[in-house]
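One structure, as structure tokens, below. Some questions next.
When the chains are written out, they are named A, B, C, D and E in that same order, and each has its own residue count from 1.
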Amino acid sequence: MSQPSDERAAAPGAAPGPEAPAPVAVPAARGRTAWYFALRNRKLVGGLAVVALLLLAGAAAPLLTGHPPNAEVGPPNRPPSAEYWFGTTNFGQDVFSQFVYGLRATFLVGALGGGIAAVAGMAVGFVAGYRGGVVDEILNMITNVVLVLPSLAVLLIVAAYLDSRGVAVQAFFIGLTSWPWAARAIRAQTLSLSSRDFVDLARLSGTRTTGIILREIAPNMSSYLFMTFILLFGGAVLAAAGLDFVGFGPTDGVSLGLMMHNAVNWGALQLGMWWWFVPPGLGITAIVGAMYIMNVGLDEVFNPRLREM
Amino acid sequence: MWRYFGRKLLIYLLTLFAAVTVNWMIPRFMPGDPVQSRLARASLQSPEASAAMEEYYRSVFGLDLPVWQQYLNFWGGLLRGDLGISMWLFPQPVTGILAGAVPYSLALLVPAILLSWYAGNKLGALAARGRWLDNTVLPVGYLLTAMPYMWLALLLAWSLGIVADLFPVAGAYGFGLQPSWTWTFAASLLAHWFLPFLSLFLVALGGWAIGMRNLIIYELESDYANYLESLGAPRRLVRRYAFRNAMLPQLTGLAVQLGTIVAGSLLTEIVFAYPGIGYLILQAIRNQDFFLLQGAFLFIVIGVLIANFVVDLVYVLVDPRVRVQMQGGAA
Amino acid sequence: SGADSGDAAGYPREQTLYTTGAQWGPPANWNPIMTWEYVTGTVGLAYETLFLYDAQEREYIPWLAEGGEWVSDDVYELNLRQGVTWSDGEPFTSEDVVFTVELGRLESVPYHPLWDWLEEAEAVDEHTVRFTFSDPKYQQWANWLYFNAIVPEHLWAERSEEEVGAGANENPVGTGPYVYETHDQDRMVWARNDDWWATEALDVEVAPEYIVDIVNTSNEATLSQVQQGNIDLSNNFLPGIAQLVESGGQIQTYYSEPPYMLPANTAWLVPNTTREPLDDPEFRRAIASSIDMERIVTGVYGELVEPADPTGLLPVWDEYIDTDVVAELGFEYDPAHARELLAGAGYTDSDGDGFVETPDGDPVDLALIVPSGWTDWMEAARVISEGAQEAGINLVAEFPDQNALVDQRASGDFDLLINNERQVSNTPWTYYEYIFRLPVLDAQSTVNFGRYENEEAWELVNELDRTPVEDIDRMREITSRLQEIQLGELPIIPLWYNGLWSQTSGSTWTNWPADGGSHYPASLWRGYPQLGGVLMLTELRPASG
Amino acid sequence: MTLQVRDLRVHYRTTRGDVRALDGVTFALADGEIAGLAGESGSGKTTLGKSLVRLDGRMRHVGGRVELDGRELPIGDSPRMERFRFREVSVIPQYAMSALNPTRRIGTMIRELLRARGIGHRELRPELDRRLRLVGLSPDVLDRYPIELSGGMKQRVVMVLSTLLDPALLVADEVTSALDVSTQRAVAEALVEFRDRGFVRSMIVVTHDLSLVYQIADSVMVMYGGRLAEKAPAAAIVAAPRHPYTRKLLAALPEPGVRYEGKRLSGIPGSPPELLDPPAGCRFRARCPLADEQCSRQPPFAEVAPGHHVACWKAE
Amino acid sequence: MLVLDSVSKVFPTGAFGRSGVTAVRDVSFAVRPGEVVSLIGESGSGKSTIGRMVLRLSSVTSGRITFDGADIAGLTRSRQLKEYHRRVQGVFQDPFSSYNPIFPADRVLDVVRRGFFPDVGAAAWRERVDEALEVVRLDPGQVRGRYPHQLSGGQLQRLLVARALLLDIRLLVADEIISMLDASTRIDVLNLLADLRARGLGVLFVTHDLALGNYVSDTTVILRRGRVVEMGATATVYADPAHPYTRRLLASVPRLDQRWADLPLDAADTRPCPYHARHPHGGPALLALAEDHHVGCFAEGDAPCQGADGPPA
């Protein structure tokens, strides 16, 4: 399953990854150039703005809306109005307040799930790439096993394991199942980095394996790792939404996926209550899409070849 | 060459073994006792009847055996093509149930995967060509990949299905039809298939387009492209080469992506009440149907593995670098 | 949409009844013995019972039996209908009935316990069966007569116990109005049996030539199909249906105004009576008073359900409700009263956290569990927990996975839960058995989840069982005493009556109950054809005719 | 005269401004001449070579004229240049190891290239085979993929391909620096042979190794900081270098037999100028032991002896 | 000081390393204090592999490498290894790849401090650094805080030597340390190496350039396909190359005093190989021609032991 030349494709197609064949090192001195390009990159700035805006909305949820997300506060089935910006649900819950509170869960799941996946992917990728040999083969095998197990189905089963499910637990398991491609990509990068002489020099200077990975290799891939994290973040958000949607979401609280689940379950489609299922999906798409576009921007900043002149 | 495939096969078999074992373990260590919930559903009037039935079901499902024996039996059955009896759709054999659902899933997945891959690559290659195209294809691609599968499915169902009433939004063919070799039936199948297919296709499409666009930019800047241009080769030829070469990593990407797309199809099937594996998996989980769950899972895992293997084979056919490397053995 | 209209490749639309809402998975078995999971219609359409029971009118309708009577206290004689044949042409005889009852001797057959009190079943002649009881349980027997289907001896005699109790029975041969036509992943098709005995014997005829039962995938998909007239009868819970009915569209329900549906069962709040402080009746009463049922009925259900009577008995059992007892011991939503009750029983908030502690000063910390994903129940649970918290009881709603919940329920590892297992029947005995059944086992899989132990009540329940079904006065006497105990102790708190979810479309078929055509329930849920569902089919008329 | 380059200026566009990689380069190349182009890394050798064939996306033709056989080469106009490439001007790139499409058989690639350029492959095939044999390759290599060939073999394939249409000018950029000494000699000698057989008329051989240039070139150009420092017949450069830079460069080369104990050599202190913002005047001034006031003006690239040009005020 | 005794290295390849490539075979030589030994050979001949084995960056498959009599394979504990690296250090081919591009170049010195001298105070350390920089003739102000790309290759390589000098090293492995440098700077680095000799340092100088090897080294070892083909005092080997391969290499070196045209390659092969003449069917690893001049030959069977792999053009 691992082609000698698959490093570039290691990032999954649906979550287009940093495609750089070689690690993108950003010397601090060139950092200024990076900033120069970062600030002028419309994709990066635009994506960041959207993410920031939604993050802010989620963080300031209690200020933006007076209603707790699940409280029945108004008449049921109302389309968007001045009073209820996004309308109300079958139960008379305020869709807007569900939306802004749901954003929190989305960001939490993304950050946590993406973070855990990134840590797992890095651990496996670094070790496999740096140690090589049998360790590499074994880790590769594990990676492949996790890769072929359809993660959503595994997640469904795991979700069914849990008596009660919280966002954090959900994120944890999403993280544990979504790291393989990241591990592969990081492994490939590590492999090429660890053949560099400075790694040998560090070994000659008495630096241990972990030290070399953390102090020499990882900093060199920092931009790459960051981009990987963004993609994992998006992946985690989507996975969580899928889980929520089929009814294995958090057993309590709100999330955007759960909103869609409820909307569908309560016949929003047939009853024409588009305001119930459009905003949550749009929210997810906006967050994940903005992140991805940000990623392209970052890629352009770090890879001069992709930059438009 | 054969050694290479032998080695690959070995790795695949090991992966399969591990995956199957994990697969066996997952539902088994789930909380809750499926026999109990069966009994609860049976609403038997008296405790005595419950006890007798409980015993009966435990032996039918082989759950009274020690765990290791269950595991061995599982493999034994697997090799005989026997995946046990479904608990939820008792007493149907799992293989039969799967056989009923698999065609639908394949009918969705195979065209969606292949077409989206092909179209996405073409689109990406096109985008790499021009500024204007790049600026439209890219953002749309990103939005598509960022969409939750089911949301796109919902939007399509709502807009094209319910509001515009162009396509049916549930089931695999019209309620009034019997499967038959008629145009009406075929038309109905197609009409029901279209929206679920479209939603899968669209989400996957964006990813491939973006991937191809990035890869081809790298290819166009590569040494061989520069050399060809120095020799005055027309842009057309260089692009063709770049496209071909960029397809290779995309091919591996396909293998990596399969799992995700399959997962997406589960969601799509649920939205469109399409009677494939996805719906079975969901119900199997809800009904604690070990055997069905394992079977459905196994089908996916083996499917993904086989697809991976095929991709490996194809890769060897189309990428001389790999072929040469494996002929050279060590080098 | 267009592709759904029938034509040469399919079933003629105007002669076909499309239904959904009862079959939750691909058709898997047609075994009438597996009463909880046979394919919809197996009993009722294919196999038939000796009697039907009209719950609305509270009368038994002779069916395969022409009649039956207790010739003595412990001997029951059944007269079978003549001229009934199995769909393979064999005659239906008393041997078939005896054989079916004898099957109960097998442990895997659900009515196995029947033989604890039945001594003998013998065919007196071709059309007479005599049952001799060691301990006649009149109520249960009456229930058995209309609930269990008769199977043909000539086809079943050779079957192994496994086949009987768990076989798929792929080619069902029954006496009923329909025969198996075909099935697929997502549907079951029944075709009319034109030789059905009732056409001649009762001069009734089932109207649809075909019944296509669509496997239920999602409620929402169903709703639009009903709206479009593609589905004639849906037995799904369709939220928002009230809106559509009120707006005067195609869709009809049993009643055209709240509660729209026939009450079919009671949803109960089940406290675990072995746990502190839920073992205290006063505390349970306080919870009962804290529940704002009105809010659940209107807010959560949009008036699709009705609040239950304090006894929990369904409206069809009105005559068994002792209004005096209810007036004296009943409860209603009254948060202030709930607080009084708590205070009176020594539950006060001593640490100032807003919630009461037990008289011993231990914190009260309760969870009400309902299955995750059962959205209406989840919402209801939230309302309940809010009400309780208002009254000072620290009660939160939790939503474990359904499977986990089943385990917890069976093992008694929970504080409170909501349950509605028991359906409408011929006798309130089924409800009281559900509430009071003893002994409490390690795993309580179907009854008395709250593990409430009251010997006296259980004695009364058994006494009720042994009361002849015609002896209404005696029954009322016993139920009145049971209600005294029940309302005094509140081992279980009735919440609301769940509806017999049923929405119909008049575009192809008319004369639905809603049209005033009949009062029979329009439902093919398991057990409901025997409660009149079959007769509903005979009353349908083509819309175009 | 084959090639005439006059005051050629080519810049790289960067965010920090233009890198003046070629800043007024003038020279001529006679028929049959092999000119070696040597100099420190970053002096503009590759840029000069590329300018004559194909400017890449970042390169800009700022000024100067290039004539080939008296006709102007439109080097700044890529579409018009296309006609000349391969037929008139050709290149063996610095990256010959990766210059072949890795997923195409070499023969297929050549055929497709020729067809795309409207040249019949059939007629050329015998000549192609002949030339491959000439460089010691069997024509079977055409059925192979690039990865199946060693570095030296690929180098030679590229050599044959680039010269297949007998161009007037060939730019060979560092064709040997990735090769082992023995292969290096073979490849270098093959270049000479190509010229001798008339496969190419004249050639610019880019390398940083002066001694290699000396072996195969007729004349040597030494480049420094985006300009030519000296151009002279090979023997003259070694025997009588005029530019201080050339001299210093030669002095830093240990010869076989020279040992540290016997003769301690020394390098050139300092580093080449930044081409982003090069100093005025002679670019070598900062490192030159002879530099004085005069050097703050740019020295002309003057002919001091027949065929010997030097850009230095101090060159006698 | 450093002795290699029949050292071989096999790189495992294939799944779980079932087959292998022999990169180095039966190599024996020694490096004495104050001696520069140059290891010369073409690409892939195993030079770097030997260097890496000496540095313990890669393990020895068979044979022994001893340093001051102790087998370095025995240095398994990280403390022991550290002690070894206090005395044996390396500098590599690519100056740009030897530095982590995202950190200032002088960080390599700090890493040494972190690894070996955590107790030395800041001031004392600075003094030591300045001292080492002076030895390699670098101006401290020139390199402090600069990033690798802001320094020239020669400066970078000298900084790496300075790094090694911070430790009390006795042996320096210099793997192609000048091949990426411009002619204008490489000679300075080479001179530096030669100067270190005076401090009693042994240097293992890896190169493929015979001219450079000749310039600095006392002893020359010529490798071909992982084996030693000729070995001896540099002057002897250069003046009187015994093996055809060596002669061929020498003939291929472009030089300024002689044109290739005047020195046909075939001339290199006219004299027979002394080893082959003596042991036509194989024999001991090396044949001693003189006390300090050895030759080996591994032509199979009767094939003539030509210099290269056959004439390329």
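Here, contacts are C-beta pairs under 8 Å (C-beta built on N, C-alpha and C of every residue); 3 or more make two chains touch, one makes a residue touch a chain.
All of these numbers come straight from a predicted model, not from anything done at the bench.
The fewest steps needed to get from chain C to chain E, moving only between touching chains, is 2. Just to note, of A-B and D-E, the chains joined by more C-beta pairs in contact are A-B. Ranked by separation of Cα centres from chain D, the top chain is C. Note: centroid distance chain B to chain C, computed from Cα atoms, is 40 Å. Annotation: 47 Å between the Cα-based centres of chain A and chain C. Centroids built from CA atoms put chain E at 54 Å from chain B. The residues of chain D never reach two or more other chains; the list is empty. Shared interface positions of chain E, i.e. residues touching 2 or more other chains, are given as 15. Chain B has residues 11, 30-31, 162, 248, 270, 286, 288, 319, 321, 325 in contact with two or more other chains.
By the touch criterion stated above, chain A contacts chain C in their complex at residues 70, 72, 76-77, 90-92, 159-165, 247-248, 251-252, 262, 264-271. Note for the complex: chain A touches chain E at residues 25-29, 133-134, 137, 196-198, 200-208, 216, 219-220, 222. Those residues of chain D that touch chain B in the shared complex are 53-54, 56, 82-87, 90-91, 93, 95, 98-105, 112-113, 116-117, 145, 147-148, 158, 161-162. Across the complex, chain B is touched by residues 1, 3-11, 13, 16, 18, 24-26, 28-29, 34-37, 107-108, 110-113, 116, 140, 162, 165-168, 182, 184-187, 189, 212, 214-215, 217-218, 221-222, 224-225, 230-231, 401-404, 406-407, 409-410, 421, 433, 441, 443, 445-446 of chain C. Within the complex formed with chain A, the residues of chain C that make contact are 218-220, 223-224, 227, 238-240, 243-244, 299-300, 302, 372-373, 375, 379, 382, 397-401, 403-404.
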